[in-house]
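The next part holds the structures, each set out as structure tokens.
Below are two complexes that have chain A in common, paired first with chain B and then with chain C.
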Partner chain A sequence: MTVDVYPSTWSEAAAHAGTAGAVVIAGGTGVQPWLSVRTDPPPTALVHLARVPEARQWDRADGTVTLGSLVTVDNLAAAICFGTEGAGWFATPAVRRRATVVGNVVSALGPRELGAPLLALGARLHGRTDASGPWTRPVAEILCDGIPAGHLATGVTANIPERLVYQRMSARRRLSRVELGVCGAQGPGCGAAVVIGASMLPVETGVGRGDEFVAAIRTQAMTVLRDPGRLATVTELAARVHRDLHTRSET
Partner chain B sequence: MHTAGELHAVTVRSPTASAVLFGVDSTEAMRQPGAVAVLSGSDIPGRRLGSKSVDQPVFADGVVRYHGEPVALVIAESARSAHDMARSLRIDLTPTSALLDPAAALDPDAPGVGPDSNLVARHHTRRGARRGEIVIRRRWRTGRQDAAFLAPEAALAQPHPDGTVHLTVATQDIHADHAQITRALGLDPEQLVVHNSGIGGAFGGREDITLHAHVVLAALHTGRPVRMAYSRRESLTGHPSRHPMVSDVELTCLPDGRFVSLTTRTVLDGGAYASTSAPVSAIVHDFTAGMYRFDAVDIDTRVVYTNHPPAGAMRGFGATQACFLIESTVDAAAAVLDVDPVELRRRNLLHCGEPLAVTGQVLDGCVDPHDLLDAVLTGIVCDAVPHPDRRRGTGVALGIKSAGLGHGKADPATVAVTVSGGQVQVHTSAAEVGQGVTDTVRRIVGAQLPGLPVTVVAMPTTFPTAGGSKASRQTMATGGAAHRAAAEVRSQLDAALGAGWTPAMVVDLGSRAIVHQVTYDGPQTSPQQPHKAFQLVAHRSTVDVDTATGQIDVLQVVCVQDCGRAIDPVAVQEQLVGGTAQGIGFALWEERRVDADGVQTTTGFGDYLLPTSVDVGEVIALVLEVPHPGLTWGAKGIGEGPLVSSPAAVAAAVRAATGQPVAAIPIWTDAHQRAAS
Partner chain C sequence: MKPTIDVDGVEVGLPTEGASSLWDVLDNNGIRIPMGCGTGHCGACTVLLDDTPTPSCLVPKGSVRGARIRTAASSALPALVDAMAREGAVQCGFCSPGVVVTLSWAIRLAVARHRCLDADEVRELLIGHLCRCTGYQAIVTATVSACRNELASGDGGDASATRS
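Take a look at the complex of A and B:
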């Protein structure tokens, strides 16, 4: 039997999230379909964050933006993830109105589309546990290892870029999983990321020349990519990202 | 739909493509709270389904032939309990070697899947022996497209006190479903009444019955109403796909580009059961040479059994595969000859009055193919500024398909028109699946009875058949019957009220009813004239292809189709746009994927990639009206045409943009990406 719980503080929410079999719901766009088709035992509790006031808040300070875990993808504060291209490639308008930035990167149920932009923005995830209180970890670590069982994600902080470009390959330009991608951002604390299937890897790029930028992306891609054709595609995407970051408006 | 006291049933399916089935162990399933019953092949031994060939057991019986084949049905007090039962049911089977290569199906040592052999049907036409000096040989492949209709299968079966069972289900043909269910379950025809719930689209995917027999069987077994509803995942397993095709083609021509001969060896993968494989393969065969002139043809078309999921009817019904085959070959010939593909088509297209190369049937009652080609090339240009990272290509394809059932098959439709109290009622069992037959019938009847409000009443199987909403036939069949019934009613009104009657005078007739019922089946077909009418269609597609990723953007597709006469012009435009979009999906992404063990891996619209509105670019539909002299108002069925040539045109555009051969659709595969890289 699944119970729905509505904590009103982060500490209450962390306590509920720490119980065995509990599932935290942020936007719910991944959890709701999973609940409909799951074949494993149902969750013991669904932890809704709607009554935690801080969950909907966002704040800009010192060149960074911090988004609470209920800040949705279509919120203007989240626009830094999309550059001037905008969010059109991410799901549908209806999903963008409900899906949350934090839910997208911590959920094991979805493709975590925002992983690459957040890596390029040097993002850090904030969380807490009932036992040990708040913590902050690089998003790269969360994308690699997942959020530990029983931990609650409360928000994410990202560096605000001067410019962000995301070149990627997918079956359809929208509504399809990114198969290969390179995301780059300009600005303090920013860098790049490469996407190869389910793998999302941060890349230290500095303010280097184009060939150095491409070489850094390529080196990182080679740690998981064996197919020379796909490596060539990543290399070209990296060159495009650098070009668009430095010489023309991204499209 | 729900009803009081309903039970819920869930199908349990085979986890493997080929197996010996020893039975099911329902002990644990029946321990689930709310469990009512488990039904399997042993409860209904030897009973078979099939709209054309009756070869598919209601539940797998002794053997499993494909992944996802129904093995048992669990019935419970709630849907959740039924799903819990389904998870608890133990299937006792031993996997066996699966036949998954259609090309190997006819080898003497291939595993036997079909009842007598692995050949479902073969068609062979040979005429003439001349050959040209220039020889072009290619192999073409098409994939496993799904109908992907909006509403997954669902049904409600309700036992009535008079001993009948009433089945309400979205379907293309209530009478064909009725015949299959009663035959499979051993019922008297009077015991079952089928009602069309009338929503959800079909595209051929509802021509075979899926949950229909199961839910009726459950209602009969329990004596209670039973409801079933497939998830999208189950729907993608539960009904047949389009037939995958492999075709080896040889075209010979003269140095000036005039075609001389066409030789094809085509194999269609029919999957584990025959379904509509025989008639689909006949359409592939008949239209393999398209609308081109050949002195000699040697066309061999086979469809075989394999352990893949069954393939069956889908919009285009084989003409889509045939169009890709011949139009791609023409593009290949143009490349070899270094001639513009459009110019090569002009040199070889038939004119009206000439015989089609395979059937020999004279092309008439339609637009001249040269005029069709001119129409798709004229005027409209794609003026989007090219992106520096992409290459642009434009491709053209011409398609042809029959409308209506052919080859001498009975193709009747019955309509009753009643005028009473100043109102007109049209009774018909024609299945409205979103294609617009209701409005078409209303317009046809309204044209005879001006000023009177017309209501179309959807009838169950207690009313005579209208035939199926398939083969682009309802405008011709039910429309033809409606026109004749309405004309007779008008004659009777003229006789009673004088030729100049007004709606007010009809109202004054009071409750007196003027009724006329017509069963119409025409025009007739024969071996010399195998098809009633032709849908002629052309597409011109413009795409951009990313130079690094191979990603394809469809910028514009122009669709031109000869509709005879557009009874409902807005609906015709929508059909052309919708069919074109479905063809873009088939060309680029749509594929029910099956792994090397025959297990279907596609699970939903997250991995079965339909084109969205932003993926199809600008779709421009142009209607040509060349009335067919043998059809009511000259109107031809048009539903399948736009899906015949749109995939081939998109493939041609990608070919033009990339220089790659584009030998297979859907295009978006690892191979395509590697080629781009």
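Take a look at the complex of A and C:
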């Protein structure tokens, strides 16, 4: 049977997370629907982070913001990462009040909607294991390979953008996975990202002209995209992102 | 000591094992709330969890120990229920409990701030609630009307006020 455990420090949480069959719960918005319908053996333990004080904290320093693993998507600290548009495009208001930024990126159970903005912000994920202690890895690496079994994600650090634009297409706004998307951010350490189905790829754009920006996005997209129609859509999205980054005024 | 939650003023025990959701706990204790998508998008199972509208299907039972749960049975604002009936904002009724929980909460918050919800704000609140019958407009009209009436009457000023 599954038991609930409530560690009060990161090191206790890492020890529980390292136990075979344990599942870590932050907001639970991805985990609970899976728990309710899973057909495989149940987890041995659900590791709740609510009693780890640092998990709710966030910090803004030196042009970056660091969010603990219980900071929710609707938190104002997280909003810094999503530009003037905010995260209103993400799920529903009730889900945004519970879903966490870190959980969204590390959970293999959902579409990882926040992956593209965090890639564009050069984000780094912080975690730890019981055996080897804390670690920090680029979010790009986590989105590609997932978080290793037994590892605990403790927070994420992202560069604060001067401006961020995310142009995307999905079957149903807010409720469906982004099928094609381009996210661009201006500011130190920022860049861009392209979304093609389940693939999220970082793009190094530098401070280039519009055609250079679009070319960089196309080049990266072509590593996974063969369909000319979809490539044309990505190109158009990239052009819009560059235009919006450089011509629209902040409101 | 067995962990508990307070549901509409009644103490309900939480199972100490298993991976059930808050909705499962309520259902197993005879508290009937509609279950729609099971992924938090339809809003049918919404309850107030510590005074915040939350789809109960998304909440692990282990994360609500000691919490205060209010269903539509105790949190519905009578003025909203009356307005929804008057405007024809209820048809099959499946989504209504969740809609009423969220909109009653929003009206109480707005009135506590001495302001009225506008139609756009109500539509934004309804993003988390799927209704296949009404087309939403009647719900929007009823909510704005109820909020205006509450503001005029001076009721609903306590944002956390619910019957229990």
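For this structure, a couple of remarks:
In the analysis below, the second predicted complex is superposed on the first by the 247 of 251 C-alpha atoms of A that agree within 3 Å, B and C clash if a C-alpha of one lies under 4 Å from a C-alpha of the other, contacts with A are read in each partner's own complex, and residues count from 1 in each chain.
The rule we apply is simple: contacts are C-beta pairs under 8 Å (C-beta built on N, C-alpha and C of every residue); 3 or more make two chains touch, one makes a residue touch a chain.
Keep in mind that what you see is a predicted model, and the values were worked out from it rather than measured.
Touch criterion met: A:A232 reaches chain B, while chain C stays clear of it.
In the superposition on chain A, A:L118 makes contact with neither chain B nor chain C.
Once the two complexes are laid over each other on the shared chain, residue contacts for A:I160 go to neither chain B nor chain C. When both complexes are overlaid on chain A, the residue A:V102 reaches neither chain B nor chain C. When both complexes are overlaid on chain A, the residue A:V203 reaches neither chain B nor chain C. When both complexes are overlaid on chain A, the residue A:V139 reaches neither chain B nor chain C. Looking at the shared chain after the overlay, A:V37 reaches both chain B and chain C.
Of the two partner chains placed by the overlay, only chain B lies in contact with A:R240; chain C stays clear of it.
Looking at the shared chain after the overlay, A:A221 reaches neither chain B nor chain C.
Residue overlap on chain A between the chain B contacts of one complex and the chain C contacts of the other covers 36-37, 174-175.
By the touch criterion stated above, chain B contacts chain A in their complex at residues 87, 231, 233, 387, 389, 546-551, 553, 588-589, 609, 611-612, 614-615, 668, 673-674, 676-677.
Taken in their complex, chain A has these residues touching chain B: 36-37, 39, 88, 169-176, 179-180, 227-230, 232-233, 236-237, 240, 251.
Against chain A, in their complex, chain C makes its touches with residues 16-21, 24, 38-41, 43, 46, 52-55, 57-63, 102, 124-125, 127-128. Only residues 1-4, 25, 28-29, 31-33, 35-37, 42-43, 46, 48, 50, 91-95, 97-98, 174-175 of chain A touch chain C when the two sit together in their complex.
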